[in-house]
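Next come two complexes built around chain A: one with chain B, the other with chain C.
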Partner chain A sequence: MATMQLHEVNTHGSHIYNNPRHGLRITGFVVLVVALAAAPLVAGEYQLHALIVSMTFLLPALGLNLILGYAGMLSFAQMAFFGIGAYSSALTAMRWGTPFWLNLIIGGLAAGVVAVPLGIPALRLRRYSFVMCTLGFAVIAQTVAKNLVSVTRGDLGLSQVPRPRIALWSGGFEVTGITSYYYLALTLAVLAVVAFLALVSSAAGRYMIAIREDETLAASVGTPTWHYRMIAFALSAVFAGVGGSFYVHYFTVISPTVFDPFYANTVLVIVLGGGVGTVGGVVLGSFLFVAASEALRIAPDLRMIAYGLLLIVIVFACPEGLLPLFMRKLDGLKGRTHVA
Partner chain B sequence: MLTDAVVNGITAGSVYALVAVGMTIIFGVLRAINFAHGEFYMLGTFGAWWGIETLDLPYIVSIPLALIIVATIALAVGVLVMKRLIDQPFQIGIVATLGVSLVLQNAVILIFGGAYKMFDGGWIEPVEILGVSLSEQRILIVVAALAIFGLLELVVHRTRFGKTIRAVSQNIEACKVVGVNVPAVVIGTFVLGCTLAALSGVLTAPVTVSLYGGMGTSITVKTFAIIVMGGVGNVSGTLFAAWLLGLMESFVASYLGLQFRDAVAFTALIAVLTFLPGGLFSKRERF
Partner chain C sequence: MSPDTLAALSIRGIAKRFGSIVAVAGISVDIKLGEICGLTGPNGSGKSTLFDCCTGLQKPSTGRVYAQGLDITGWDMHRIVREARVIRSFQKAVVFRALSVEENLVLCGQMIAFAGMASTFGVGPASRHRVRRLREQAGHLLELVGLSHMRHATAGQISFGQQKLLQFASMLMPEPRVILLDEPMAGVNPILIDRMMENINRANREQGITFVVVEHNLDAMKALCHRLLVLSRGELIADGAPDAVVRDPAVVEAYLAG
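Presenting the complex of A and B:
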């Protein structure tokens, strides 16, 4: 189906559209991964850093994409889960010297475990109420991080967080160089994209899409809608938590500023700008909006003005995001129609 | 300590009330939450500060100056953005106004710098009333809030503009059919709501003293809590909800610690959404 049905919205106010291939073509994905794997041959240290940061943002962005693009609910809790993953992973690593893979799991699980009790009241809500409830959670999470001084050291934050230690349990080696970090981030990003694709192509993913399109209809044919909305919410938190875990072991510091709207807005720009409800769009968005602005070293206030203007233009001019727009143009050039 | 907490709570509540009532009437006509609302509060403060610092104006003159500046900006935003939100799904409204908020907030930081600034003006002499000492400015805030709410009730229920606002809030389609200029009502309401937020900012500045570009964000999020508690579109409900939030925050700050104050609004918000989705004063769910 070539045209987006932009005027139809579900009970959550999300657009309904048709994206059977998740906007990701295998050849394109493979070419991108190979190109990224070869990047350290040509890129300087700062460019590598910019790429690492954008791959770190890819994880919470995939999480937001799951809840917004697939289940159809706009959540502002994403960066709170990112922060929860970062803090829990950092604290475990500092106290017990756990290896990297375990830290990732702890970060993801901690976020997922917090998401479930939050989801119980929040998922009863629709539309604005849900948005505000998740926003409220982000504010409370920041307040806790600032004030639980005995654990989080408050505004000072945690510093000297251990670097990722690659080992089955003890021993192993520590990742220190920028190139090793880069390949670690790339591995993580590829795994995350593959996991995300597997998830949204599975039965659970199709249930989520059904809920996004028409929750009442989905429920009427026996979809346990509450169940799958909760799964989407918790898994979006897990993605963000794993991203937070990598973030903290890369920067080796964390403070309550991670809950600032700056990060949440960046993730929103990635997802909406790249293409909500697609995988390729979110990948494109991370590199386009994060790597580009990192690499160009644009001042934060200018960057936020650009993000703001971008959000306004996107919602009115191309609400489906850039990637679907590019793909349609590309298909148009080839004289091919997009078949569902 | 108890009277101090009550006085502080009522003052803070009156400040919130002026901001929140603007958001409530905008939501009424547009069915859109204005994520940039706190930014207009911030712009009001900055407008007056700029008048006092750069133009050497007295505080009393800087108030109308700030209001005119903010009304002009709100008019531009209304024409460029808010008008297009009519009949759009709610997520579009959230993202677009979030974009407006990012632009306004960071433009101010870009122009005036990100550092804290001191607001030098207002009537901060303490006076003694019934054994309680409080500054004249605080009295002014409470009196102004009451006067504005009285005026708003009159405007909404007794004037033609108020009538169109209520009509658009009830049924946009029918309004178009009978020839109400819906975009004009939306823009007019938006400018009115944003100017009220700015007025609140100007009146509060002498009490809070410091101002900075990011100050609007926490106001926006507290406003959400208030309009949900008060019931969306309910003008007097907004005033009581704002006072209630001000009092709760003030008591938490006095008896539990200042650091927990900012979590009060959202704890209340989540509790109200969960148990009383229509707000504290109504059984009907509004949104």
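Presenting the complex of A and C:
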């Protein structure tokens, strides 16, 4: 019975506080950032493109990690918020020529603002009903993008979306080369990870973990649970919206296919496969699963089948995700060194 | 039926019905400030429902609850804890299993240290200082309940009895006025029961905290409580000194019948 309980304990998220591996995590993060910063020296254009796409998907994945891994709610609305961020950012940039930084804010805010009226009814639902509600929202978002032709140009989508313009307001310079895009994406990814870590290690982050663990118990120690679930939901949308904004100014096109379940699934795979409730796992997941999806393009006919098989293998090999598996292996190695 | 504004809890005609089933049938009672009051009765007598109605987990069908004159009827649970300083425990959900022992305590102290919602998002030196203070307070409480050596253990991995001690320490973090304990001794070994009773007595004596304790262990109740209330079928059937109450024929009959 005692060992049963041991296995049932879900320690996701608790690593934030007083973790003996804190030093290792910081070192890992710094090494990764330095390696990524040096990547353009060795990587070709196509590899850089794949890395940019990975870092773009990192944002909605962090958002999903917040709501699923910390507040404990599964949402399929992430890519809908990503799309809302992309469309709103593209439309303002096309109409008013707003600079890149402002577009990012607009994309993030638009998604966050839409999340609030959705959250008011949806967050009263429990578990599967909430999941269904977010799924329904994603379908509605796609339908709107397809049919509000006067604004979104329907299935044609928006094209010739301005490239990122780095300026305080007007003027400035335009980001065009792949290397410049790459560094822009890297900066954004680093900022997003830092913001995420700050959030989950704050008192608010502790409340979110409490809600995931046991909502009634959380309320009994003074947590306004509904408010924090709403905040987690809106912030997860903001992360996705900012990601969508970057995406649209990189690809310079956007169409309703962004709302396809495939993309929503990719984000889910990144979070669950990498390690839900961990930050390193989501970062790892973003690079690995986007890279795997790109690498499998060498066999286009079998690509999706191979991708699906890879997921099944991962689920069997490490149900908690790749990062927890990796950490356990690391602990195992340490244990052996002690014995030796 | 006016409330006693000096009472820690003044319960006035609380009833709770689920369709045609009456869980609590109109109870009025005052819990005096500073007392340790036991609440007992056969299974299904309405003890937990009464607790739930006093702490916001359920809304009473009729009746009102006052905490030192403050009408808290129908408030959300988190507001009752924050504003009336009435906190409760649960039988099953004891601790936040994924968090460390220390983090459980820090979490429970947050409502005081980070009172405003905006402050909970802070990550600067001021926030770190507040958390450090909470950790100090937590260290002190862990010493009192005898769990210092488990400070960094994951709460879900310590024994159930130790979890109950941790739960008790957690409830002291937000400096409550009233603590409602739902079966604090169920599933706890005899040595830890003694320690739990000692802790309740000390918190009552030194911090003046009022306790209402739901418990089936009558020996423990006689030793611990100043006063004992007995419920049967949603009604209050006895109220008085523990020794006298357990000999009350109505109480004996309720237990034998229940």
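Everything that follows uses one rule, which is that the second predicted complex is superposed on the first by the 289 of 340 C-alpha atoms of A that agree within 3 Å, B and C clash if a C-alpha of one lies under 4 Å from a C-alpha of the other, contacts with A are read in each partner's own complex, and residues count from 1 in each chain.
In this text, contacts are C-beta pairs under 8 Å (C-beta built on N, C-alpha and C of every residue); 3 or more make two chains touch, one makes a residue touch a chain.
Keep in mind that this is a model prediction, so the values were computed, not measured.
K.L.:
Touch check for A:44: first (chain B), second (chain C), both, or neither?
P.N.:
Neither partner.
K.L.:
Is A:127 touching the first partner chain B, the second partner chain C, both, or neither of them?
P.N.:
After superposition on chain A, A:127 lies in contact with chain B alone.
K.L.:
Counting residues of chain A in contact, which comes out ahead: chain B or chain C?
P.N.:
B
K.L.:
On the A-aligned overlay, A:224 touches which partner chain: chain B = first, chain C = second, or both, or neither?
P.N.:
A:224 sits against chain C, while chain B stays out of touch.
K.L.:
Which partner chains sit in contact with A:177 here, chain B, chain C, both or neither? Use first/second/both/neither.
P.N.:
In the superposition, A:177 contacts neither chain B nor chain C.
K.L.:
Just checking: does A:199 make contact with chain B only, chain C only, both, or neither of them? Give me first, second, both or neither.
P.N.:
A:199: touches chain C, not chain B.
K.L.:
Taking the superposition as given, does A:319 touch the first partner, chain B, the second, chain C, both, or neither?
P.N.:
Touch partner of A:319: chain B, not chain C.
K.L.:
Given the touch rule stated above, what does A:74 touch, chain B (first), chain C (second), both, or neither?
P.N.:
Touch partner of A:74: chain B, not chain C.
K.L.:
Taking the superposition as given, does A:309 touch the first partner, chain B, the second, chain C, both, or neither?
P.N.:
In the superposition, A:309 touches chain B alone.
K.L.:
Enumerate the residues of chain A that count as touching chain B in its complex and touching chain C in the other.
P.N.:
After superposing on chain A, chain A residues 9, 12-14 contact both chain B and chain C.
K.L.:
Where on chain A does chain C make contact in their complex?
P.N.:
Interface residues on the chain A side: 5-6, 8-14, 17-18, 198-199, 201-204, 206-207, 209-210, 212-214, 216-225, 227.
K.L.:
List the residues on chain C that touch chain A in their complex, please.
P.N.:
55-57, 76-79, 81-82, 87-90, 93, 96-100, 102-103, 106-108, 110-111, 113-114, 117, 119-123, 127, 131, 152, 154, 156-157, 170, 174
K.L.:
Under the stated contact criterion, what part of chain A meets chain B in this complex?
P.N.:
9, 12-15, 74, 121-122, 124-125, 127-129, 131-133, 135-137, 139-140, 143-144, 146-147, 261, 265, 268, 272, 300-302, 304-305, 307-312, 314-316, 319
K.L.:
Enumerate the contact residues on chain B facing chain A in the complex.
P.N.:
33, 81, 84, 89-92, 94-96, 98-103, 105-107, 109-110, 114, 217, 221, 224-225, 228, 257, 259-260, 262-263, 265-267, 269-270, 273-274, 277, 287
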